[in-house]
Each structure stands twice: as structure tokens, then as C-alpha cells.
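Across the two complexes that follow, subunit A remains constant while its partner is subunit B and subsequently subunit C.
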Partner chain A sequence: MSAEPHISPPQLEVSKPKAHPKSSSLWLDALSRLVKSKTSFIGLCLILLLILTAIFAPVIATYDPTEVQLLDRYQAPSSEHWLGTDELGRDIFSRIVYGSRISIQVGVIAVGISAIVGILLGGIAGYFGRWVDQIIMRIIDILMAFPSILLAIALVAVLGPSLTNAMIAVGIVGVPQFARIVRSTVLSVKETEYIEAARAIGAKSNRILFQHVLPNCTAPIIVQATLGIGTAILDAAGLSFLGLGAQPPAPEWGAMLSDGRAALQTSPWVITFPGIAIFLVVLAFNLFGDGLRDALDPRLKQ
Partner chain B sequence: MLKYIIRRLAMLIPVLLGVSILAFSLMQLIPGDPARSMLGEKATESQLMQLREEMGLNDPYIVQYGRFLGSVLQGDLGESIKSKEDISVELLNRLPATIELTMFAMILAIVVGILAGVIAAVKQYSWFDNLSMTGALFGVSLPIFWLGLMMIWLFSVKLGILPASGRLSNDVELNTITNFYLLDSILTGNWVAFKDVFTHLLMPGVALGTIPMAIIARMTRSSMLEVMKQDYIRTANAKGLARHLIVFRHALKNAFLPVLTVIGLQFGLLLGGAVLTETIFSWPGVGRYVYLAVLGRDYPVVQGAILIIAIIFVLVNLITDILYKYFDPRISYN
Partner chain C sequence: MKDETPILQVKQLHTHFFSKSGVVKAVDGVNFDIKPGETLGIVGESGSGKSITAMSIMRLIPSPPGKIVNGEVLFKGEDLLKKSEKQMRKIRGKEISMIFQDPMTSLNPVLTVEKQMIETILTHENMNKSQARERAVELMDLVGIPESRNRLKNYPHEFSGGMRQRVMIAMALACNPEVLIADEPTTALDVTIQAQILELLNKLQKELGMAIVMITHDLGVVAEVCDRVMVMYAGKPVEFTEANSLFANPKHPYTWGLMNSIPKITSKKEKLEAIEGAPPDLRALPQGCSFAPRCKHAMEQCLTIDPSITKVEESHHVRCLLYEETEKVIST
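Then we have the complex of A and B:
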């Protein structure tokens, strides 16, 4: 190739993209950038590990996570109980393994709530504009005036403490993020020519919004969802730590930390390992989410 | 500038009204009968009727809201169901503790975060950059309640060098003037108390400040990298200006704006995180007050506290916007 003249004949220019048809896809491009990033690969591996742990929990766990063995209370980590036992003699390793199911559930459902409500609100506000936009965005402003974890605490306080209500509360406080991202993307997409074309051939508003506008918001939504799962798991663990989320004897990681507080002086392993589990899972989603953002929008990469 | 501030204050009114509606509406979400939910299963019908009457629960929603707003505007947040104490007074007593803790955490986060971010950007891809950015990534993923517990275990239980709870040791005397203990100890020249208050602040401050510190460090680094690429920095380099002057006078000044936005937003995180941190460290502030009220189903306290915290957060954001304009007069908000 180096022997070729600087000004190539036109047909050569045209044949080039054909030689690499894959590079024309946003998603394949993003994927290739994503695999190259070491940190997002670590994140992805940790997420896969979490999912596998949740699926095969009964196989991996060495004990029943809720089985009480009062004679084995506060056992230090050993070959029998790998991560020790808690105040009721329950095996901490098995509880953490089963807790992965709760974490995935919390992360996915809470973010699902945020995403569905946020996409609808943001999409409608951005697409219809004017007073619809004004009303929806003022509501979003008001939601954002409350520190998110505090609003979640207040919501669970009135709804009643339970894992379901904790997921709803964490889901609600995550709505503004999605609504704002989707609105701003919709605002830029709706000015494009193909939307004008769709309108010109007489497509109805809801068809344009759902078929043509929203699919273009997929990339930022996926990034926000990935990062949001980490935050949701962290917030929900905080609620459970305060006794507002998962109720005993559920092996929820935040609740396990709360149970272990009483024995902090004598049995630190009770609080050490559930905390590491929360940390690793949140880290995984942050790493992978950061990687996705860089991969889908190379302009942002530093 | 004054015009701008006045306009911004006027724009606050609808937001604050909305905040009050939301805080008020929270009570309407209580499933079933709020009176029964507050008094418990053992309450008799006459007790329930008395509470409904006292709280005006029999009136229409809009009348209840009007009454609520009227009292809030007069600084009256009602009284606690459990202790019958005046909620406004209780909140005022506890606010200094929370503000002292959040300010301490914020200053820690700003100083360490900006410094780490600047050094990481100036020495991009160095060991310091890698180390501090890995640390920042870990920092945003840490559950602060776990970090707090692990610090208590290490520094209080194992090493015994830091107190695990409270604001002041029992055997230390301090004459309170402002209820900001650090300030009070300076004002009264009481250095024994100053040292004691400081050691009490250290662990909760670090626990609360970790996430903002990590976020500020990452933001400062990326913002600095952006600015350092610009022509005027190259010019400053070319004319032989000292490195530290370029970095701190020329670059950081322009790189600071996005960081300022992040700092404003992080205050919300701190005020929310205070509930978890104060619970762990038995810090006698608003956060712990909210936590105890939630456990005791003392709804008016929860309502009053989140209303006050939201108002503080809204005001902090206003101050951030005003500072933003001050730092960058090019920005107009028409």
C-alpha cells in the first residue's frame, strides 16, 4: 500500500469500506472498543461471576442460608465455615452466595422502574415540548431537589419497610436521571431530517416517538442503566442496612452488615465479607458502565 | 449580578412550593389509616378519632395542604407524635451537628479531591495518576456504611486511637455558643476540646467524604486535561512561565467550573449520606433524628426533616449557580 500514489483513483476509495463492512455498525464498533478496555473487561467478568453465582447458588452454597445453628454462633472463618458464621450460627459464605440473587433482583427491578418511567416522561417532554415539557420537567426538578437516598428513606418510611418497597423507592429516585438523558437526546433527534420525512409522509406522533425517536436514545439509556444498577444496589443495601429493605431472615448484604454491628468488637468477619460483596458488585457495574460509555461515545474518552 | 440573584430567587418559589407539596403528599402515601399506623394496633377508636381531629386528617386534601403550608411559612413544622416536642426546635438543635459534619466532609473532599485530580492530570499516566484514579474508582463504589464500620473496627476497636461515637467525650468540657463544636472550641480557646471534637469528626467525616472526594478527583482530572490542551496554556509554557503558576493560576481557574457544579450536586449526596453516617457513629444530628423517627413511625418528624434538608439542598444549588456566574462572567442566563 505504501507504494501507492497519494492521490488514489476514485474506485479504490469506494472499495475500501466494502472491505471492512463491519466497521459501519455502531454496536460492533463499540463492542470492539469495549473488549479492548481492560477495566471494562474486569467489570464484565465480575458481572458474569455474579450472575453465575445467583443461578447456581444452591450448588455453590455449602449450607442453607437461613439455617440457624445456635451452637455455632460467631465462628471465625475456618475450613468448615469459609467466611465464618453470624449471630445465629448461619454460614456467612452461603448467605452471601444467596444474597447475590437479591442484589441482581434489586438492581434490575429498581432500574427497570426508573428506566420505564424516565424514558416515557423524558420522551414525551422532549418530543411534545412547550407546556407538556414545562410541567414534566418541573416535576423532575422537584424530585431532584431531594437528596436521592433521603427521598428513598422517606418513601419506604411511609410505604412500610420491605424489599419490594425499597425497590420501588430506589426506582422512583432514579427516574430524573433517565428522564433528563432521554429528553435531551430526543430534543436533538427530533430536529433531524428523517423525522421530518416521517412526519411528511403522515406518520402519527406516537409512531414517530416510539419507532423513530426513542430507538436513537438506546446508547445513552444502556449506559445509564448499567451505571444505575450499581447505584441502585448500593442504595438498596443502605436501606436494608437501616432496616427499611429486606427483612430477616433474608440473606441481603446490607441487612447482614446491620446484623453484624452488634458483634463488631469480637467478630469483625460478620461485617467484613458482606461489605466486600457489595463493593465488588457496585465496582463491577461502574467499571462496565464507564467502559460502555467510552465505547459508545468515543468523543467522551479521556 | 444583583438582578441575576433576584431573578434566581424568584425562580426558587415554584420549586420550593413543589418541594412542600411532595413532602406533604408523602403522608398521603401511608397505606390504610395514618392514625392507626402512627398509634399502633392497640389504639382505641377514641384515641384514633382524637389524633385524626388533632392532625386535621378529616379535612379535604387541599385544606390540609393549605394548613400545612401556612404553618411551615411561620416556621412551625408541628410536633412529634412520640415525644410531643416541637419539630422545628428539635431540628434547629440538631442542624449544627449535621452541618459541621457535612462541611468537614466537604472540605476534606474538595481539598484532597482537587489536589489529587490536578496532580493526576499534570502527570497523566504516571503511577500517581493510576493510583489515585483507581482509588477514586474504588471510592465511588464503596458502601459508606461499611467503610464506617470497618474504620470503627480498625481505629477504635483494634488500635483504640479514635472515638467510635458522638461529638464530644463525656469528660471534656465545652461551653457552647454556636453549637458548631469546632468553632465553639476555637472561640473559647479551649484546645483540649478542639482536639477532642476533631478526633470525633475524623472517622465520620472521612466516611461521608469518600464518595464526593472520588467524584471531585475524577472531574478535576478530566477537566484539567481538557484545559491543559488549549492554546493559551501552550503560550504560557512558551513564554517560560513557572509550571506551578500555569497549573494553578491559568489552568485550574478555568478547569474549576465543571468541578464547582459537581461540588454543588455532591452536597445533596452528603445530606442524604448523613443519615447512614450519623446512624453508624451515633452522631446527634438531623440524619440520626430522621432514622429514629423512621423506626418509630413518627411521620411528622420525617416530613419536617426532609422538607428542611430539601430546602437546604435547593439553597446550596442556588449558591453554586451564583458562584458559577461569579467565576465565569461570560455565562448569561437569559
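Then we have the complex of A and C:
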């Protein structure tokens, strides 16, 4: 075999048509820019930490969050009770850990309600215009005229105080923001040529709205949702602080603030640590949401 | 093929836009007809009403403020202007389809090409998804997109301009339309791609036998593909004739102007002869001939008498007083 003159065919690398490069989509682009921004990266880390805490709450918590030990009331932070105990001797660290579950639940469900209702209303108003738009947007204007916490209080007063009703109330309060953002985006998207092209192929109105217009509004919706989760958690904590949200003995952060306010002078840790938890979570969602907005804004692309 | 009865007839089409500052007569009395397998060019400057004519045929005029105030659009003998929105949806994309000027913006950026093509097919054809996908592959092959099966999964931004226009053409042809309205299909493309796309349209027309309404401002495109031409000015047709006869023997002063403003490779030194002035305000058209204020050959009566369209030769119609003396003057 080796004796034969070995004539190898010229090794021309016939450039085989490469499989098309992985689609560097809008979202991948945005993600890489997002991670590069320090503040939004911090936000992202905090959010991940919150989610992990919520998932592994039973593992992380050192005590049962509702276990009453009257002999251990108002213990200062120590190696036994890392963040101290409250007026019923419950471990504050464990309560905060379990409270993260409630906070995530509140944030996601309330924003879910706002988003679904807001996107529908805003989409219909923006797409169909005219009197439909007038009616929907005037209702939205009325909703916006109320201070949000006042409106939430009023709604809970009607529905009755409970965590579920607090979530519904906070969700309704968040509808106007979504509706306005979606409406304005729809107004610009519906004038584009590809929507005209969709009409020219004979597509139906609601098909155009849901298949062509709304998917092009995802970026602002996601930004609003992220920022909205922070606000929703804050609002729900406010309601719970006022006794209108989570009911005892649920370890809700706002309710914990309320429980500890009597002992603010003597045992400040009871109120400090839940306060810090609320602060960090809201900060995290705001940082992340801001970063997301910048990352998705094509004008800021380098 | 060409002496069949017209598939599409537009008669006395008037499309006006009602704005606060007055009525814009964007299309003001357009007449034409087109036979199966024929290509009709509609030529004119920006704002002469070419695109609005096309949109009126498709009944896609944004309303309000736009309104088709008068006229008939007969497709296979039926008046499209009298159809309900539901009936129109069945015609759009199936029997009359349209391709747009800018392929960069006329595909939905968040959906894959496959999804958009399948949507078009499923809207009109009684097929299941996998049949529609096969049809999409067929169409991509038809318009000459290599690796059609893989390319279907791509998003519009992964195609070049020329390829996107091919995708648009493929989508327009999805249901074998009988009339294809091409609204400046090559304007946004560079010259080599323009030629390819025109050639493709020509080839597809021969294969599929559809009629094409080619809207353009480029007389080069007309020379390349059109059988007959309508020149429009200020919402009105000013000259309507065979393409050959338009280039050999242009009659209307506006057409002369258009021809003179094309740079010629043979006469380098000459300054380009632009048509003086700007198109008139469509809200307040001058009395008499709309083109008179810019016309080098305007006579006194041009400012008072609005000429009607007159037959000067066999199948050569012109709206100009220069020729009306030979015929009888019909005041409008």
C-alpha cells in the first residue's frame, strides 16, 4: 500500500455550507449585555438567592417558623437564634427564610394578574382604537387617579383581609401600568409594514393581534413585569403591615414588621431584619429590571 | 393568453383622505384593466397615488381617514368594493396577493420564516401543518432560496435583503394568486439584486400565469418587465399605453420629463433635466391641468381646462390638451 505513489486529491477545503450560525437572537444579545452590567448582575444574584432560599427553606431554616417558645421571647441575635426571636419566641431567621416563599408567591401572582389583564386591555385598546380605546383607557385613567396603596386598601376592605385578596388587590392596582405600556407599544407596532403584510395575506384581526402584534411587545412587558414584582412585594408587605394581607401566624415580612413595632426601642432586631429583607428584594428586582430595560433597548447597543 | 378578458378592472377609482386641513384626493379617477399573464406598470413620483391605488384594490386603506369614495374594482367580474370584510379576507393573499417595498420591514421579526409562511398557507388552504410545511419548502425552492428546509427555521434578520424579498414573493405566491400586486418590490434592493428579483418575477409569471401589477418609480423596471404602462400624476393617470410605445413615442409632457430625468450613460456632460417644481398639494389641486404649473408646454387654457384622457393612437391614451385639439374637448 505504501509503495504506491500516494496521490492525494488536493485538499481543498470545500467550504461545506455551514449550518447557519446559531441564531444570535434579540434575547441572547440582551442576556450577554445584562450580565455585563454590574448592578443588574447584583440584582440577578439576589433574585437567584431569594429563589433558592424559597425552594430550600426547610433545609435552611433552623427552627419551625411558627413554633412558639414563650421562654425565649425577645432574644437578641446569638449563635442559637441567628437573628434573634420575636415576642412569641419564634426564630426570626427561620421566619424570614419561610417568608421568602410568600414574597415570591405574592410577587409572581400579583404581577401575573396585572400582566394578563393589562396586556389584554392595552392590546385591545391599542389595536382596535377609536371608541374601544377611549372606554378602556378612561377606566385605566380612573384607576390611576387613586394612590396605589389606597386603592389596594379599598379593594381588600371590600374583599376581606387575607393573603389571597391582598394579591388580587395588588394585581388590580398594577393593571394600569401594563395596559399603558402595552397600548403604546401596540400603537407603534401596528403601523409597521409586517402588520400590513399580515393583513394583505388575509389574516383575521385577533390573529394579527395575538400572533403578530403582541409578540413584538414582549420586551417592554418583561421589563415592566420585573419592576412590577418589586413593587408588588412592597405593596403586599404594606397591606400585611396594616393587617390586611397575610394573617398570623404566617411569616410574612410586612406582618413581621407590624408585630415587632411595639418592641422597636427594646428589641430592634425584630423589625430590622424583615425590613432589610424587604429592602433587598425590592432593590434586587429594581436593579434587575433597570438592567433589563437597558439591555433590551436597541438604541443603547454598542 | 393575452387576449382573454381582463381579470382585474379598475373603473373610475377615487380614494380620498379626509384630514383636518382638507380632502386629499390621493387617487382621483384611475381606470385600468389587466389580463391574465400580463404585467401592468404603474409609474409616477412619490405621492402620485400609485401605492394608494394598490391598497384600494386590496381594500387596505386605513379608514378613517381614508375612504374609497367612488369607483369599481372588478375582479373576475365581481366588485371588490362591495364585498364584506370577511369575503375580502378570503381574497387577500389567495387570489390577489401583494409584495411590499421594503423586505427589511415587511416580515415579522419575532417569528420564523416557517411560521409566517405556514400561517399564510393555512389561512387559505385546507391543509394540515406538515403538508403546509412541505408546501413552504416547495415555495422556497421555487423562488430560489438554497437549503430551503434549513432556512425555513431562520428568523427574518438572518436573511439578506434580496433573500427576504424572495421570502416575501414565496409567501405571496403561496396560494397561487391570479393577481400579484408588487409595490416597488425592488426599490430597497441594490442593483444586482434588483435584476435578479425582476428576472425571478418574470420567470414565475411565465410558470404560473398570474397577472402582475408592478408599481414603481423606475422606468428601467418598466422597460424590463411591463407589457403596458400607466403613468400617474397627482392621483390621475396621465398616459396609458403599451410599454414599447411609451418609450418609443412618449406623449405627455410629464412622461417626457420623467424620461429626461434619467441619467444617460452616453451623454456625460449634460446636466440632468429635472422637472421643475414639486408635485402639487393634493388638498388644493390647481384649476385646470394638475401638471400645468410645472409644464414647459403649458398653454393658456391649460390653467383653466382640466383635460380628459383621450385616445391618440390605438391603445395610447393621454391626458393633455396638446392632443385634445385633434379630438373633441370634453370638459369634466
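To be clear about the criterion, the second predicted complex is superposed on the first by the 273 of 302 C-alpha atoms of A that agree within 3 Å, B and C clash if a C-alpha of one lies under 4 Å from a C-alpha of the other, contacts with A are read in each partner's own complex, and residues count from 1 in each chain.
Rule of thumb we're sticking to: contacts are C-beta pairs under 8 Å (C-beta built on N, C-alpha and C of every residue); 3 or more make two chains touch, one makes a residue touch a chain.
In this text the structure is predicted, and so the values were computed from the model without any measurement.
S.K.: After the superposition on A, what does A:70 contact: first (subunit B), second (subunit C), both or neither?
M.R.: In the superposed model, A:70 contacts neither subunit B nor subunit C.
S.K.: Between subunit B and subunit C, pick out the one touching the greater number of residues of subunit A.
M.R.: Partner touching more subunit A residues in the overlay: B.
S.K.: Just subunit B (first), just subunit C (second), both, or neither: which does A:59 touch?
M.R.: In the superposed model, A:59 contacts neither subunit B nor subunit C.
S.K.: Name the contact category of A:203: first (subunit B only), second (subunit C only), both, or neither.
M.R.: second
S.K.: I'd like to know which partner A:218 touches here: subunit B for first, subunit C for second, both or neither.
M.R.: It touches subunit C, and subunit B stays clear.
S.K.: For subunit C, which residues count as touching subunit A in their complex?
M.R.: Touching subunit A from subunit C are residues 58, 60, 88-94, 97-98, 100-102, 105-111, 119-120, 123-124, 146-147, 150-151, 154-155, 158, 168, 171-172, 174.
S.K.: For the complex, give me every residue of subunit A touching subunit C.
M.R.: Per the touch definition, subunit A meets subunit C at residues 17, 19-20, 23, 25-26, 192-204, 211-212, 215-216, 218.
S.K.: Which bits of subunit B are touching subunit A when the two form their complex?
M.R.: Residue list for subunit B touching subunit A: 14-15, 18-19, 21-22, 26-27, 29-31, 137-138, 140-143, 145-147, 149-150, 152-153, 157, 221-222, 225, 268-273, 275-276, 279-280, 290-291, 293-295, 297, 299, 302-303, 306, 309-310, 313-314.
S.K.: What residues on subunit A touch subunit B, complex-wise?
M.R.: Within the complex, subunit A touches subunit B at residues 39, 138-139, 141-143, 145-151, 153-160, 230, 234, 237-238, 241-244, 254, 257, 260-261, 264-265, 268, 271-272, 274-275, 278-279, 282-283, 286-287, 290, 302.
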